[in-house]
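Listed next: structures, encoded as structure tokens.
Look for chain A in each of the two complexes below; its partner is chain B in the first and chain C in the second.
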Partner chain A sequence: MDIDDLLAEVEVDSVPQEKRDLQELTRAWVAERVAPELLPWPESLMDRVLIRIRHQIELVEDQTGNMDPKANFKLIIIQTELERFKFLVRSFLRARINKIHTHPLHILNGHTEHSASALPLLAPSEYQYLMSHQALLSQHYASSFLSQFPASLQKLDDTTGGISMIDKPDEDAAVFCRCLRDVGEILVEGTDIRFEMTRGDVYVVRWSAIRGFVKSGDAELI
Partner chain B sequence: MALPLPRGLTPSEVSFLCEMELVTVTPRQRLEGLALLGGPIKPLNPPHRASLPLWLALLLKRQRRANILPPPWLSPHSLTAILDHETEYADAFSPPPRLPPQPSSNTLPFSPPFLLGATADAAPDALPYHWLELGEMLLEAASDDFEDPDNVRKLLRGLREVRMAKLRTNVEKLDAGGGVKMNGIGGLEVGEGRAFVTGVIDGLRKIAASQEQQRKDRDRYEGTGDNYDDDEMEMDT
Partner chain C sequence: MYGETGNKLVQHAKRTQALAHLPPYQTEMVRAVTREVRDLDKDVASILEPFAGSFNPSTEPATACALLVNHLCMRRNKRCLLAYHRVRSDKLEEMCWAGIDVLERQPQPQSHKPGSEAPTMGTDSNSSSLSPEEEEYVRQYSDLLAAYKGQWTDIDLTGSLEPPKDLFIDVRVLKDAGEIQTEYGAITLTKNSQFYVRHGDVERLIAQGYLQRLS
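The block that comes next holds the complex of A and B.
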């Protein structure tokens, strides 16, 4: 390690929390837009970001009465940035809701499996949304046609007979990813493909092969 | 309410990302420091240069409060050199800029658009991830800050064509398993090529799905031993 590395390390540590959060939020947004399945809910990050957005909105509301042209321009900048942040958060949440709509039962199963762990799949409000959406949907199906079927055929999540009714996202779908730390050899299950992935490399690879690295922060989707 | 867009980023989302890149500006007016959500902005004191996110720099530029300093790689000289490299090596993109030293394992690693690929002291000999978007945006909003904007525009167009051709010829290398290396690809190029490249890989995978499943089952049954490749040969003959 030479002096440049040491300096750089000090610099990295001195990066303000806000900037690190912006990097994390941007990464989470891109990942959610690109990944075939729902990713764990970044709870502490979203808490920090949402609190900051709320404070900024209060600031804007306080300052709007100020007629001084200089303060006015500052306010324009602040509001422009606020809108950018709101877009990021909103697009992130909407991408998640889209996935919740597409595979509700699969996600619910995943969520109950992970609910005890530190990284739940869904935010509390998302869980609530999923449950009430699913309740409405099954009620509607039941009243419009399912009740006419024999009782044994009425289930929406039947897994007997070797075929599961629960729709799953395509976990082997190809994604573009960038490696953030050296992760060593990647093996694609069921094929001869194996390759070293080092920091900075960009690969097109199956989501299932690099999912773990994306979740641990060693790689990112682009 | 749910996002109706398919997987992948749209071009406008990519340029939204690109607007977070830091660029160097020479302010023409004073501006007090600001506490923004994405980190504080230092006070602007002309004629001292400062680094600002592109969206803010464009706003200041539009109001003639600042001039933007194009990054060194966005000069005719550098672009010509990179273009020569691109045409000479037909099988890979020109290498991306050198990465900053590896951060320690517990810090958050940064990646574009937060890697300083567009400030005045960026590397002059490599295209950063958001090269095309950044070049286009700067040429549109701040062409008077370039020495030779027409030439830069022409070279960018040339680079784009050479690189798109590479992306297309790369198709022959694609196969069902993926694992295709694409170092040096740009953000907009990922967005453009994504549907096609991933579509081809996914399609090929579905064709070969049953074979693969057979193999997976066998792997699980036998475990991955050393004689495993031989087995594969026997199966094929």
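The block that comes next holds the complex of A and C.
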């Protein structure tokens, strides 16, 4: 353990939970916007953030009648903060919905695989949305033309004939990432490139190569 | 020729992607492609009939090739149709998110030009550019969207995706919008007046074109 590690530990402990949540939310937001595939739903973080937003909204509503200029000024600051938080959450959710739209069946498969684990891919509401959206779409296709097709061609998730109908995100897309903890040597699959990532390094690398480190928090996307 | 209509349909979809509005639904083409698929399927059945289920591709390479071509054409047509419908439904969803009432707006583009309102009342002023299935889809999708949004009441999912900079902004009223309630009392929005208001209070009105944001 060297001085950097010690410093890192001190940093984390001295920061209050609220500030860490903001940091985490921002990190999740950036990662979700940059990563080619959907990331697991950060349930506890979102719960905390949403509860705090509700508190602040209540506080603002309580204090609005107060005409004391000092309180009013404080209120403006709180409201500005609130708007920013709301923006972060909104943008985060929209980025996820966008991905759910683009690769619904792929994500659904991933979700069923992970549903037993502690980190589900989708929030319950997102799962609901995905299912009803898929139902709507297939119903729309069916009533528009698919119902008149021969029965063997009516499926939407057909994988026969060499081409899978389930669209997948490009997992080899390049992303920018910053290393937060030393992770040692990384091998980029399919190539013979090896490199060492140490704390603070910034790399442009294939998503598939560093996916595990981002999910475990050893690296962050930027 | 096999697949020609399907190809046209895809070109149509490609064009649709770049357009701001939705061009009329190509009922005829969709029907033609569907018909082609059914004809091909019948062909396949009639080719296979004499073999009575014991068809061996290696002994009859010519027939096998014909079957393969037919199958590929059917699959390709299906993909074309799916792509066409997906592009259109994506577009419709986008409009739902942007808060545009697609069903209401449909007849409008024709009566939009001043001075030429009388002649457009002719044949196609009633026809919508959506197919009945698409109208149904839009209706159900807006319900779905509303339900999903309802779970995030505090956030306002369809709100602006621009990062907020200032809590208060200057706006100019473009159209009379009546009175709105804000935390600082009621404001009457009359045309050409100017206000300094909270962004969140008037965001909706800006999106609907009642107000203009002054920078």
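As a convention for this text, the second predicted complex is superposed on the first by the 209 of 222 C-alpha atoms of A that agree within 3 Å, B and C clash if a C-alpha of one lies under 4 Å from a C-alpha of the other, contacts with A are read in each partner's own complex, and residues count from 1 in each chain.
Keep in mind that, in the parts below, a residue touches a chain if its C-beta (ideal position, glycine included) is under 8 Å from a C-beta of that chain, and two chains touch if they have at least 3 such contacts.
Note that the coordinates shown come from a computational prediction; the quantities given were computed from them, not determined experimentally.
After overlaying the two complexes on the shared chain, residue contacts for A:178 are found with chain B alone; chain C is out of touch. Set side by side, chain B and chain C differ in how many residues of chain A they touch, and the one touching more is B. When the shared chain is aligned, no partner comes close enough to touch A:44: not chain B, not chain C.
Contact with chain B, but none with chain C, is seen for A:36 once the two complexes are overlaid on the shared chain. Once the two complexes are laid over each other on the shared chain, residue contacts for A:87 go to chain B and to chain C alike. Looking at the shared chain after the overlay, A:201 reaches chain B, while chain C stays out of its contact range. When both complexes are overlaid on chain A, the residue A:27 reaches chain B alone and has no touch with chain C.
Comparing which residues of chain A touch chain B with which touch chain C, the overlap comprises 53, 76, 80, 84, 87, 91, 94, 101.
Here chain B touches chain A in the complex through residues 1-5, 7-9, 13, 16-17, 19-20, 31-32, 34, 36-40, 55-56, 59, 96, 99-105, 107-111, 113-114, 174, 176-185, 187, 190, 194, 197-198, 201-202, 205, 212-213, 215-216, 219, going by the rule given at the top.
Per the touch definition, chain A reaches chain B in the complex via residues 4-5, 8-9, 12-13, 15-16, 18-20, 22-24, 26-27, 30, 33-36, 49, 52-53, 56, 70, 73-74, 76-78, 80-82, 84-85, 87, 91, 94-95, 97-98, 100-101, 170, 172-176, 178, 180-181, 186, 188-195, 199-206, 209, 217, 220, 222.
Those residues of chain A whose C-beta lies close enough to touch chain C in the complex are 50, 53-54, 57, 60, 64, 76, 79-80, 83-84, 86-87, 89-91, 93-94, 101, 125, 128-129, 132-133, 136-137, 140-141, 143-146, 148-150, 153, 161, 163. Across the interface of their complex, chain A is touched by residues 30, 33-34, 37-38, 41, 71-72, 74-75, 78, 81-82, 85, 89-90, 93, 131, 133-134, 136-137, 140-141, 144, 147-148, 151-152, 154-157, 159-161, 163-164, 166-167, 183, 198-200 of chain C.
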